[in-house]
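Structure in structure tokens, see below.
Each chain gets a letter, A, B, C and D, in the order it is written, and its residues are counted from 1.
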Amino acid sequence: MSAETPNEVMVVVRDLPWIRMIDGIDFRLLFTSGETGRWSVLFRCQPGSFFPAHKHYGAGEYFVLQGRMEYRMGSAPGGTWGYEPLGTVHEMTKFPEYTELLFTNFGPVAFLKEDGSVLAMLDHVYLEQLARA
Amino acid sequence: MSAETPNEVMVVVRDLPWIRMIDGIDFRLLFTSGETGRWSVLFRCQPGSFFPAHKHYGAGEYFVLQGRMEYRMGSAPGGTWGYEPLGTVHEMTKFPEYTELLFTNFGPVAFLKEDGSVLAMLDHVYLEQLARA
Amino acid sequence: MSAETPNEVMVVVRDLPWIRMIDGIDFRLLFTSGETGRWSVLFRCQPGSFFPAHKHYGAGEYFVLQGRMEYRMGSAPGGTWGYEPLGTVHEMTKFPEYTELLFTNFGPVAFLKEDGSVLAMLDHVYLEQLARA
Amino acid sequence: MSAETPNEVMVVVRDLPWIRMIDGIDFRLLFTSGETGRWSVLFRCQPGSFFPAHKHYGAGEYFVLQGRMEYRMGSAPGGTWGYEPLGTVHEMTKFPEYTELLFTNFGPVAFLKEDGSVLAMLDHVYLEQLARA
């Protein structure tokens, strides 16, 4: 049984469409894997937008291209790289100004209810569905 | 930032303790990774035991050492190897006779409510907690 | 860009053909990934066979089904599970009796010259080529 | 056996030191994993610098922050994202002007002799050694 080798790709990111994710946050889809669940996107976040409480069921990695991201580690301006280990819970991740960041997650992210149980799963399949819609 | 290299390990599996998972199913814990979420166990399943409906948020791989596992792919006797891709939903996985199988999952498994929403997440952290208790 | 989801598979391993690897060692090919380079096999090793000096450029994991494997960690009889971290160098891995073991490697293995430089790379592509030949 | 969870990290990349890699190419080390062999860097490449012929023994992913990278896929200006699958051979990768790019590789890269055999392996361990020197 053999899992396919993905194609070699070179793409000018600004040529990709913006896809709406949640209020004030859109993404351009760079990569998804049906084998490992890894997904890579470019996020653009309008001033005042935010991700609600979530838990990383796969490690995450980001690079802020411009703007500023505020989360439990502090304030991350343009040029910041970060690693979010598997299991990390982020109460709220805020964008006080217009922000663009590259983001890769190695598996799903669970959005949480107030009691900590799972509200909804964000994974590569959901991103692909949004991209096709 | 550097994630540590795990230690080299050689272990006679029958020397490891059995840990109770759910009714009729115990496991011996072989490996967990805090970086990738991968976990490997040896399951022993009593006659009539079963895993309830679940979704793979990481691919899974198994090898049946003895007994028989019955699931949506059919009946897997001793000597069967299987691959369960990311995203697979298994309605119920049954063990009609005493069964031992090696199992590796590349991330979490979500146990599901009847409406398909997430009841509980089974991941490497939960297995470690059971193993410590 | 999306890497495909591999198919769900259930296979009785003894129905797969034995493929010659090196003198005295054959394998049945269970899984290869063109995305991650992971490969899983069942090895059968005749009495007196061995793997020459090699370095793991991906972590490895094994379970001895029967027989005995002797390597730098000691003597691994049937029922032994082992983890071989990324970067491990094994001088020689010997099979004094008929042995079968499940083996997964998360990337390539380099066979080494006496000076430690690379003689040949064993990876998922090479295994696929042997399996097709 | 449990592989450790890496620490959560947030770092302003320009605060990290430049480390010399080869003539005209330096890197800032963002991440290395002793479990999976993944490594992430920021490369800066002087006008006229290049990577000689190499083969990816792990998939690679890049984003050009500024400048231009020329390789077998064509010319990648600032804002280009690319995916280099496992097994890809790149004859020569050139930087005609000053270029900065984020780069992640999921395992080692082999630099090649003219006959295609392995000259030297570039992996996370080698990058860590350069960073410590």
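Here, contacts are C-beta pairs under 8 Å (C-beta built on N, C-alpha and C of every residue); 3 or more make two chains touch, one makes a residue touch a chain.
These numbers come from a predicted model, not from an experiment.
Separation of subunit B from subunit D in touch steps, taking the shortest path, is 1.
A comparison of the A-B and A-D interfaces places the larger number of contacting C-beta pairs at A-D. Superposition of subunit B on subunit C using C-alpha atoms only gives a rotation of 180 degrees, nearest 5. Separating the centre of subunit A from that of subunit D, both taken as means of CA atoms, is a distance of 23 Å.
The mean-CA centres of subunit A and subunit C are about 36 angstrom from one another, to the nearest whole unit.
Taking each chain's centre as the average of its CA atoms, subunit A and subunit B sit 28 Å apart.
Shared contact sites, meaning residues of subunit A that touch two or more other chains, fall at 1, 5-7, 9, 11, 30-31, 34-36, 59, 83, 85-87. Within the complex formed with subunit A, the subunit B residues making contact are 1, 34-37, 57-59, 83, 85-87, 106-108, 110, 117-118, 121, 123, 125. The residues of subunit A lying in touch with subunit D in their complex are 5-14, 30-31, 40, 42, 59, 61, 63, 65, 73-74, 76-77, 79-88, 102, 104.
Note for the complex: subunit C touches subunit A at residues 1-7, 9, 11, 30-36, 128.
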